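Next come the structures, one after another.
Paired with chain B in one complex and with chain C in the other, chain A is shared by the two complexes that follow.
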Partner chain A sequence: MNIGYYPGCALHGSSNDYEQSLRACLGALDVQLDEMKDWICCGATAAHSLNHKLSLALPARNLAVAERDGFKQLFAPCPLCSMQLLKAKKAAGDERVRKELSEIVEADLRGESEVLNLIQMFEKIGVARLKSAVKAPPKSITAACYYGCLLTRPPDVVHFDDFEQPTSMETIVAALGAKTVEWNYKTECCGAGMTMSNEDIVLELAHKILSNAAEHGANCLVVACPMCHVNLDMKQAAVERRFGKKLGMVVYYLSDLVGLALGLSAEQLSINRHFVTQA
Partner chain B sequence: MSRIGVFTCWCGENIARTVDVDEVAKRVAELPGVRCSLNYKYMCADPGQALVREKIASEKLDGVVVASCSPHMHLKTFRKAAQTAGLNPYLVEMANIREQCSWVHHDRAQATAKAFEIIRLAVEKVRNDAALQPIRVPVTRRALVIGGGVAGIQAALDIADAGHEVVMVEREPSIGGKMAGLSETFPTLDCSQCILTPRMVEVGQHPRIKLYSYSEVEKVEGFVGNFKITIRQKARYVDVSKCTGCGECWNVCPLKRNSSEFDYGMGMRPAIYIPFPQAVPARPVIDKSQCAKLIRNGCGLCEKKCKAEAINFKDEDRLVEEAVGAVVVATGYKLYSIAKSQPKTTLAGYGEYGYGKYKDVIDSLQFERLVSASGPTGGVLKRPSDGAIPKSVVFISCVGSRDNAKGLPYCSKICCMYTAKHTMLYKHKVHDGQAHVFYMDIRAGGKGYDEFVRRAIEQDGARYYRGRVSKITQEHGKLIVRGADTLAGIPVTIEADMVVLAAAMRPADGIEELAQKLNIGYDEFGFLMESHPKLRPVETNTAGIFIAGACHSPKDIPEAVAQASAAASKVQVMLAADELTREPEIAAINEQTCAACFTCIRTCPYHAIDRAELRTPRGAFIKNTARVNPGLCMGCGTCVSVCPSKSADLQGFTDQQVYAMVESLA
Partner chain C sequence: MENQALGQVPSEHLPVHFPSPIQVANCYQCGKCTAGCPVAMHMDVAPNQVVRLAQLGEWEKALRSRAIWECVGCQTCSTRCPKEVDCAGVMDALREASLARGMAAPERFSVVAFQKIFLENIRRNGRLNELELIGHFKLDVVLHTGRIPFLFKDAGLAPQLGKRKKLHLIPGKARDRGVVNRIFERCASERKP
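Entry: the complex of A and B
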């Protein structure tokens, strides 16, 4: 199956390991990512704190271009992007706003394409299909699934899972044959918004998340967001220094774990490029 | 009609200040058909009414217009006066020159001209009025009470004590409702069961109350004074007439670990059970979804053990009919189901509290059972997860209430009070324990209510934090409650052993279906609508149907009981006479011209129009027609506006009258 793909800034930049993991993992499941042409910034963070209309117009442009090019489904692996696209889609429900946005972005925004996050991508492929494709069940893994803030929120925009007690990622991880734990900080903030401006907050939040996962018996974290990955993986050494303890928590993308179960190597999935590679 | 008397009122200064009443009276006197035109300072006072009566007699008036206030105010007064003088009261019309003229205008000349026009319209209406007779409807002098909670019990006993028969329908196996499960009640802390169970027994033993427990209202037919109610008696699998309530069956039943509805899942019950020892009737039911005999023809121990031979595994639902004249709906409430899948996604909030995930996060009715002497723990407060005595309990109010984003916009009214009560009950049971309360506002309006909350804080040491809780998590066996104290402006984290959520009150399940059967209104939340929020608080817009208790809106016990007694007194007034008199200003259908399209039947909001056949005196079929049931019609006029053949008309407000009024203005 060919599917429309909106990478956003992170997957072509700081988190290109995520993109490599996705292409390898989804490729093994016969899903080819067809990158949409002419995409621009999704409008997250900077735009929506400055100008509401701009924060709608940016994703509206992307959605309209994808729709123009005939993508009925648009896969946005970064939850910030998928949330922004869904925000534009929701705005298009109001005919007056839809017309206004179409005029601004000089393309016909229809708001009909389906926007998928990573978990929904796997749900689309099907849990049964995943199960049958597993070659190397990751039995040694006990994962704390971490959703972060934007995968499930705001609920009236993304309409995805229970926004306080989500379970969809666990379903997929369990289908691979790995164990999951119930823990406390599934949907708490990782501090990504503060990465540049206030590292103290980021380290404290990341510390809470990482150590709570460990306390509940997890030996790794699974994420579906490049921002979460940066904060929990790249910053982990700083957290360890600040709080004076060894955490050694491997942070996988959900696609890493699926890829491993499908028999792909850590190199193919570029897990070897993570900062924390083993406990 | 050509001998019309017009009586223009000054209403003291109210009308006369802005309207030149002399000028009006003089001009009106010249209208065709007006026999006499007078004005007087207070037309509604005795001398004014006497003037009307006197003129009806002396001038042989055949129609009267009183130009004064709104017909809501005094139409009845003047109709009565006219009737005393021998004039059909429906030949009296009001011209409202106060609310619709003098009160809203300043320019005397213009107001005077407008008053004249208003009166001219009324004169035109009277010219086309017909003498009507009030409708008389026979009354079945019995009442139905739906719901056997404290409100239903109060209403039933009041009506029955007044000498009328009462049919009570309760869908649970026992009456008693929510109150039977409460521990102690605010603001006096008297034991709920001690004050309720004697009333339940009274209902069970009352010679004039017929109790259908474990039954539901299936169908409602008829109209005020003459309802025919079909009741579904659900299969109980126990013959109530043979059973003695000895208890052998539920003692011998091996399937004892079923979640108890009465304990809200805090306790267990057998598959054959009475919900609680003081149940009325004290007769068990078998849960067919759990009984081994009914599921797979196994067990049957209760049947063998029962000396009275009361167990009947072949029992089936039975439909019975009852005739009643009035209905009191008292179906009560349920709690908002926190974070569970709900029909409306907007109601799916509060996953952050972990209700359903953490065993020690419970709702307030569950807490009632845990501190009730009759509860599953015998009144010792043990937390559900491990039976330990909680040393720190967090109470969160407004869970689902006053929340447009994820709950319901209204205030559930009683939670502030029962949460204060909970902290006291907790402190009285666990002396070294600490209660914490997160609240939005404390709403404790009522006799002795605010004092009660102060007592909880000042004497029993409950700590109140004005703010919400953002998340509850579990660590090392403790519930970590993170919230805000917005008065101190600081975040608060409490390590609690148990959390109690004061969930919003919602109307009981099935209320909308029942309201549709009864043809009464309900709001967007399912609460039943009263006819007027101030002046007709227990009546519905369907004659003969009354409401009481929390099915109307969130309310506490004293208020539910007061409303039940009010509804009962309305029923007693209705049942005091052999027949009801209703105003004749209702729809009538010209059955000769009716095209039998039945558009009116489909649009009538009161289901007051039926199909009928016209037949010759010998019984030969002539044609189909629609026919208005005068007992049900509320005179709204919807049928008149939809009838394509103009066969429907509103008596006392006919199309002809309206056209004549409009033409008179031309």
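Entry: the complex of A and C
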């Protein structure tokens, strides 16, 4: 299966471990990522904070170009990117807005292509198929599945899972043969958009999430977002220093866990490039 | 008096928003937005109070509040609102108006600077250049605050990122940066003071 791929800036930047993990894991499941050539930044938090029109126009340009290039499905592994694309898709439902956005972005926005996040990608492959492809069930794993803010919100834009108690990630992790825990902060925000500009808030939020996962018996977190990963993995040492306690919580991308279960190595999946590694 | 001009905006609408204004009239102040907000405790004005200020047309207080810059945009408030008031959208609209009118809270200079520098960066490159973003942001904060040690904050992460092949000295740029620039021009905030 070939699928349109919108990497977004993070996956071509400091979250390139996520991209490597995706390519290895999905490749093992016969999914090839066909990267759209002319993608631009989705505008992220900065655009929706400072210029609402721009925050629709930038993803509208990407969606329109993907549609121009014939991608019926577009896989956007960063939930902020995929939410932005879906926002543009939703806006295209209003003919007046669709026309205005098309003019702004110099391409015909149709808003017809399907946008997929990582969990939806695995659902498309099929949980039954995943299950049958498992070679090395990660039995030592007890995971806290962390969705963060934008996988399920805003629900009228993303239309994905239950926005208070999502369970789609647990379904996949369980299919691999790993355990999951019930915990409190599945959809609580980690504040990643402020990692550099308002660190105090971010450390506090990351601390709450990491400690709550540990208190509920998890030995790792599973995420499907590059920003969550940076905040919970790379910044974990700073959280430990600030709050004076050792957390040592490994943070996997969902594709890491699937990949491990398929028999891929930590190196193939770039898990060795994370900051917190197995104790 | 820019504030008077702002005050003339009907109270159920917010000053800047595309494609249509956000409605705030339905809010009955239950406070559910504030209860679920992960950063409300750091705000000078709680999310439900921000919506109240917008209802009352108290733009000056709303636009100068620190709260709108503490908001992390997680959408929890809008998702849970029983009256379907888009509280997170209110925050976005207020930030945009606050910046356009030069009323952004000086205590949150670094948040405002980061967002502005981020947008300038993608306008130039089409895609984010992380190293340029970090350098530009740090310089801006130091020039503004005189806190020179900020330049070296987290500098210890650089070799660790390098070791993990996460630093890109020559990142990819979008092929057609002209179109990016034109999109920015067409989306320039329409209501500058």
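One rule holds in what follows: the second predicted complex is superposed on the first by the 279 of 279 C-alpha atoms of A that agree within 3 Å, B and C clash if a C-alpha of one lies under 4 Å from a C-alpha of the other, contacts with A are read in each partner's own complex, and residues count from 1 in each chain.
Following the convention adopted for this analysis, contacts are C-beta pairs under 8 Å (C-beta built on N, C-alpha and C of every residue); 3 or more make two chains touch, one makes a residue touch a chain.
This structure is a prediction, so every number in the text was calculated from the model and none was measured.
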{"item": "Touched partner set for A:Phe163, first chain B, second chain C, both or neither", "value": "both"}
{"item": "Chain B versus chain C as contact partner of A:Gly193, first or second or both or neither", "value": "second"}
{"item": "Partner chain(s) touched by A:Asn184 [first = chain B, second = chain C, both, neither]", "value": "first"}
{"item": "Which superposed partner A:Arg273 touches (first chain B, second chain C, both, neither)", "value": "second"}
{"item": "Touching partner for A:Ile125 - first (chain B), second (chain C), both, neither", "value": "neither"}
{"item": "Touch count on chain A, higher of chain B and chain C", "value": "C"}
{"item": "First, second, both or neither for A:Ile201, with chain B first and chain C second", "value": "second"}
{"item": "Shared contact residues on chain A - chain B and chain C", "value": "163, 188"}
{"item": "Contacting residues of chain A [partner chain C, same complex]", "value": "9-10, 12-17, 37-41, 43-58, 61, 91, 94, 96-97, 100, 103-106, 149-150, 153-155, 163, 187-189, 191, 193-194, 196-198, 200-201, 205, 234, 273-275"}
{"item": "Touching residues on chain C, where the partner in the complex is chain A", "value": "16-19, 38-39, 42, 70, 72-76, 78-79, 88, 92-93, 95-96, 99, 108, 110-111, 113-116, 118-119, 122, 126-128, 130, 134, 137, 157, 160-161, 164-168, 171-172, 174-176, 179-180, 182-184, 186-189"}
{"item": "Touching residues on chain A, where the partner in the complex is chain B", "value": "162-165, 182, 184-185, 188, 212, 215"}
{"item": "In the complex, chain B residues that touch chain A", "value": "339, 348, 350-352, 354, 357, 471, 473-475, 480"}
